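Supplied in structure tokens, the structure appears directly below.
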Amino acid sequence: MLINCVAYQQGRKLADIEVKDIGKWVHKPECFVWVALRDPTDDELSQMQREFDLHELAIEDARKGNQRPKIEEFGSTVFVAMQLLEFEHGEVQVGEVDIFVGTNFVLSVRNRSKQHFLGVRERCESEPELLAHGSGFVFYALMDAVVDRYFPLLDAMETELEEIEAQIFERGAARWNVERLYGLKRRATVLRHAVAPLLEVAGKLHGGRVPAVCMQTQEYFRDVHDHLARINTAIDAIRDTIGTAIQVNLSMVTIEESETTKRLAAWAAIFAVSTALAGIWGMNFEKMPELKWAYGYPMALGIIAAAAGFLFWRFRKAGWV
Amino acid sequence: MLINCVAYQQGRKLADIEVKDIGKWVHKPECFVWVALRDPTDDELSQMQREFDLHELAIEDARKGNQRPKIEEFGSTVFVAMQLLEFEHGEVQVGEVDIFVGTNFVLSVRNRSKQHFLGVRERCESEPELLAHGSGFVFYALMDAVVDRYFPLLDAMETELEEIEAQIFERGAARWNVERLYGLKRRATVLRHAVAPLLEVAGKLHGGRVPAVCMQTQEYFRDVHDHLARINTAIDAIRDTIGTAIQVNLSMVTIEESETTKRLAAWAAIFAVSTALAGIWGMNFEKMPELKWAYGYPMALGIIAAAAGFLFWRFRKAGWV
Amino acid sequence: MLINCVAYQQGRKLADIEVKDIGKWVHKPECFVWVALRDPTDDELSQMQREFDLHELAIEDARKGNQRPKIEEFGSTVFVAMQLLEFEHGEVQVGEVDIFVGTNFVLSVRNRSKQHFLGVRERCESEPELLAHGSGFVFYALMDAVVDRYFPLLDAMETELEEIEAQIFERGAARWNVERLYGLKRRATVLRHAVAPLLEVAGKLHGGRVPAVCMQTQEYFRDVHDHLARINTAIDAIRDTIGTAIQVNLSMVTIEESETTKRLAAWAAIFAVSTALAGIWGMNFEKMPELKWAYGYPMALGIIAAAAGFLFWRFRKAGWV
Amino acid sequence: MLINCVAYQQGRKLADIEVKDIGKWVHKPECFVWVALRDPTDDELSQMQREFDLHELAIEDARKGNQRPKIEEFGSTVFVAMQLLEFEHGEVQVGEVDIFVGTNFVLSVRNRSKQHFLGVRERCESEPELLAHGSGFVFYALMDAVVDRYFPLLDAMETELEEIEAQIFERGAARWNVERLYGLKRRATVLRHAVAPLLEVAGKLHGGRVPAVCMQTQEYFRDVHDHLARINTAIDAIRDTIGTAIQVNLSMVTIEESETTKRLAAWAAIFAVSTALAGIWGMNFEKMPELKWAYGYPMALGIIAAAAGFLFWRFRKAGWV
Amino acid sequence: MLINCVAYQQGRKLADIEVKDIGKWVHKPECFVWVALRDPTDDELSQMQREFDLHELAIEDARKGNQRPKIEEFGSTVFVAMQLLEFEHGEVQVGEVDIFVGTNFVLSVRNRSKQHFLGVRERCESEPELLAHGSGFVFYALMDAVVDRYFPLLDAMETELEEIEAQIFERGAARWNVERLYGLKRRATVLRHAVAPLLEVAGKLHGGRVPAVCMQTQEYFRDVHDHLARINTAIDAIRDTIGTAIQVNLSMVTIEESETTKRLAAWAAIFAVSTALAGIWGMNFEKMPELKWAYGYPMALGIIAAAAGFLFWRFRKAGWV
């Protein structure tokens, strides 16, 4: 589905144009065309391929929806694939945006995602002095927008991790903790697979040999690279902390079980000693003098209570009950 | 066993030829020969060595069946070994395909595998404009076919992992989970050993200095490289998740055991208190006034029931029973 | 909030100057201006941007408070972000100091931290022969001060780790140990995220190609780099030790539980045998000759005591009780 | 102990020569001398040092028996140390072979190992066209022989791992498994320490700048390198699998313990309820009407049986007994 | 404290000289001065700084006692810091030796360690042909001596690890094992922190660009480098083995606990069934025909014994008791 198809010159919007007129505009000097597609049909992609002379393999990737962020140069055209992530109800939706950048055009293809980039276009149009950098700046603006959308996911994970940590040492929360930690680990893995290869991509857009279209906007791409590095470091910290938290959680379960075992041992002993004593006086021997004593019964109860009490005192001192 | 031996010129099939005529065809300009062998005898391999002037060490590898994917250049000839994997009934079959590529020939040798490459030949012959790139393109087409066959294995593993994850937090599934996770880990290791060195191989076929026969098809090999990188990343994610899942599974077993211990402790206490009380009234002292009371028995039953009930209430409140 | 704004020449303080006069001083030869801001407003930052001609992206970072240490060069200006850490009551406060260094100026911007750098200025002013190196030396002095403040944090962590280790093999300390180890791990992670990227930064300030302003003070930056490497190694050791300590702690809990289980088993057996024997003589058969014996009861008590005693002796020998 | 000392020319054996005549032969063109020593005395080594003009440090290494494979160049002489491993009755014997290679000589020194290299000499002499490559080919042949002897060790480990895996999920095998896994891990570590540095060594003998004597036999050393890479990958897989297997084994123990705990809980409950009920009817109250009933006893037995049966049915349903 | 101050020429000792005369000797051709200090005062260090023209930062490091091995070049002077380790009664003492090497001098400063280097001086003086290499050889001799002193520590650790391994599968040794393993891990960490950075240092003294004073003695430094690599590999193996051993130890504890639990379960069942049966015949029903039988009591004892015996037989078969 075509969303936008606009021609720009020296940072200013010239006109919404027809797809069939792209050819005319693309060849005007200091002019570039910015096209946005969403879940395009094969026909739309083929049309774009013809208009912008795109490489078959890149179009193939955009059609099939590649799952891994990457950058590829085909002659003077740069092809970048990035992931759009949505975390909903513990489920992760992985969409994708593919960007083709040439000297005179930017084509963005969005697949399987509700996240649109209209705001990017508006912001670009409102800063003509920056948009005058040409297609390279639009490329930066789109990439920056994609990366910025990873931050809320990261924040949500950090918040959840803090929630879990807040009750990791509480009794009885072990099952809940381990379930949430596992879910969090999975989401961190998804985010990392979106970010880590993109970090590599961004590293190729500043510093050393960079594609021609990104030449003038290198410092902006360094900024994006820095954001990605920050996210990447944060994810690594989250993953590392989750690992430790799962271990600690297991420790806490074992410690709790150990405490329960001790308490069980203590009470079992208290009752067992009572039962054993009562059993002895319940034997049917004919000559058991204490059975005849007037105070035999209270004495027996006393002994049982004393034995039980002594054990209780011992165990309390040991911190078992 | 010889499967095919065909000469091509400018992307079109010229003729099925005899092995002994290979020499004639190989030296014609713009012409190349594509031979496919399956589980070849030593004689067949020696014949091929003579016809294509292959290096002794490479033939040795093809004969013995090397277990590790690799690429080697011998003069202008490129030798590539790749693994063919089949997962059947939890068992893994590792076969191998060895490819020799020269300017004027492609020789593929398949060992211990039922996977054939007839489809690759058909597809190549149906696209003469691509096949016109010569032996390098055939090399790409074979490699691409091998790599494409790893994807279903990967998908099967991801599906199985999801099945396991779906019941990792269910009670009583621990033994089954850990067995399946272990099996999955093994299969992931096998696939990784097929893919990781191949990723290295593919990296040498585009970008920097590449063998002469792959010069024109670099962008295709970059595509293969990208596919392999995707598989590799996915395997790493699976392995990482398996590690966490085994840990989590152990946690769940420990948590369950801890809960069982608590329940055991609770019921043991309830019965123990009943037994102890009954034991006391079963003692044979002569002077136990309550034994004479008319309502002694109901009172005793009441006290026992009350004690048991009180404990039950306490434990229920604590979530133990 | 402006803290200081001073002009220096040949290592000596010339005058406290007005912000609006910065332009005049900056262009004098052999003269440089050193400005310190704290939690600056947007206006203050914009003013500085104008006075020193700073790049928009760097100012943006200083405004938003970047969370990751880094170094960036914009033309001849160097921008460095570093973290200021405070550990209070187990909580970690992460502040930041951003430094802009040009040939003729140093601008330090401190955010969200109570740590001031007045001491650095005093020390610099008291060593005019070093300060004569210019803005590069001030840059070094600030960086050195930041790094020096990491050492007490490291020492505190090492001390705490030693405290934990001192009781890791004591009974009953497991819960306390694991809580402290987890807290320590978190703090080590925070410190590592402050130090590791800074190590990278410092590596770019000596040895190979270094920014022009750091040319003369390379050996000083090598010294800072060495300090950072020392901290980094120490943190890695702490983290590694924490990992082992958590494992060991879990082992100790399991060992203790195992010992408790054995003791429980032993006492349970001793009481159970007594109860079973008493139960037998408590049966109501008419013909139980020993019940009639004069010494039946003492004999029964003797047998019970002997059985219990025998078990006790066995268990004591086995080290269970 | 001198084993062999032979002069070769153009791939053919000329004569067994005396050690004192080495000097004469070494300087003839197209001629090289191949000496083999076993557990040499200091005198023998000193003699060799004089004859071949070897460096003091290399002789020192050969004398002391260095424990780590390495390659070192001293002028045009190459010194290589490799480990000879024997696994006997679970014990590992680490021997060593040191090889000195110059343009006109090969000296192999074997220490603390029963593995001889007579077969290598025979094979070389039977292929004069290869031996004509000179001392570099002998060097390759020896290295190849050493590496080939690692394969059976690897196979033995893989077989043992499979045996362990075959019973890792069986009950009661945990102790045996963990002992064997630990032993296997140790042997894998020994083999890895023999192979990993040798892999590095082999990497220096083909491809980039290689010692002059290995120039003509580069492709052979690449083959050795490939074998070593295969072993190394296999060892890594074994180590990784052992790690997982130890974890899984621990899981299985915990699962089994958990099942035992449940069964214990179940039977304890069944007996406890019987004992408690019997205890109640064993009380000595005067007014317990059911004691007088003709069918009181059968009823009591019935109730006890019913209670026990009910519990048994519940536990069976839950899979506990 | 000054220990020695000697001038050498062409490998021979000329004279013990006064510190104040150093200046005279240092400037003679083919002559060098070797000074050894121990726990020097600030004054002594300042004097040395003046005599040899040392850099402030290096002197600062020697004064404060840097904790991390490193190498630094200041002009033509090389500064190396190394650690001297002593393990006493499980405690680790970390001392330090700092070496300054120039073309005409060697200054060694030893701090907080009882290990002296008199033997090194003697050995050097006894080999004038080697000492004739100048200050670079003294530098090598000192470094070699430091490294050689790490080997006994390593051996002690390996011996201790073997002792632990010898009883890792014995019952009841778990607590002792885990304590020793933890202590060993800590010592391995200390040794690794002494060795790993030194390995880096040694790597800079041979092969590529090396400091001028080490030019002639490169092969000796390669030898030191090789020793350090051997130690480093051995430490890594120890650390890896400790990790596995801790895991295995935990497994053994869990297995033992599991066996204890089973035995407990078995005996508990045997006694519980006896008690339950005895309880039934202890009930007070009037009509319990078996109570009247002449052989009721022996029959009851028989049934109890049979039930207990049957269970015992079952459990013995299952390997529980």
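Going in written order, the chains are labelled A, B, C, D and E, and every chain counts its residues from 1.
Simple rule for what comes next: contacts are C-beta pairs under 8 Å (C-beta built on N, C-alpha and C of every residue); 3 or more make two chains touch, one makes a residue touch a chain.
Note that the coordinates shown come from a computational prediction; the quantities given were computed from them, not determined experimentally.
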Steps needed, at fewest, to go from chain D to chain E via touching chains: 1
Chain copies touching (chain C, chain E) - same or different residues, decided at half shared: different
Centre-of-Cα separation between chain C and chain A, whole angstrom: 25
Rounded Å distance between chain C and chain D, as computed from the means of their C-alpha atoms: 40
Per-residue multi-chain contacts in chain E, two or more chains: 247, 250, 254, 257, 261, 264, 268, 272, 275, 279, 282-284, 288
Chain E residues touching chain C - in the complex, by the definition given at the top: 55, 57, 66-68, 70, 72, 74, 172, 174-175, 178-179, 181-182, 185-186, 189, 193, 197, 243, 246-247, 249-250, 253-254, 256-257, 260-261, 263-264, 267-268, 271-272, 274-275, 278-279, 281-284, 288, 290-297, 300-301, 304
Of chain B, residues touching chain A in the complex: 168-169, 219-220, 222-223, 226, 229-230, 233, 237, 240-241, 244-245, 247-248, 250-252, 254-255, 257-258, 261-262, 264-265, 268-269, 272-273, 275-276, 279-280, 282-288, 319
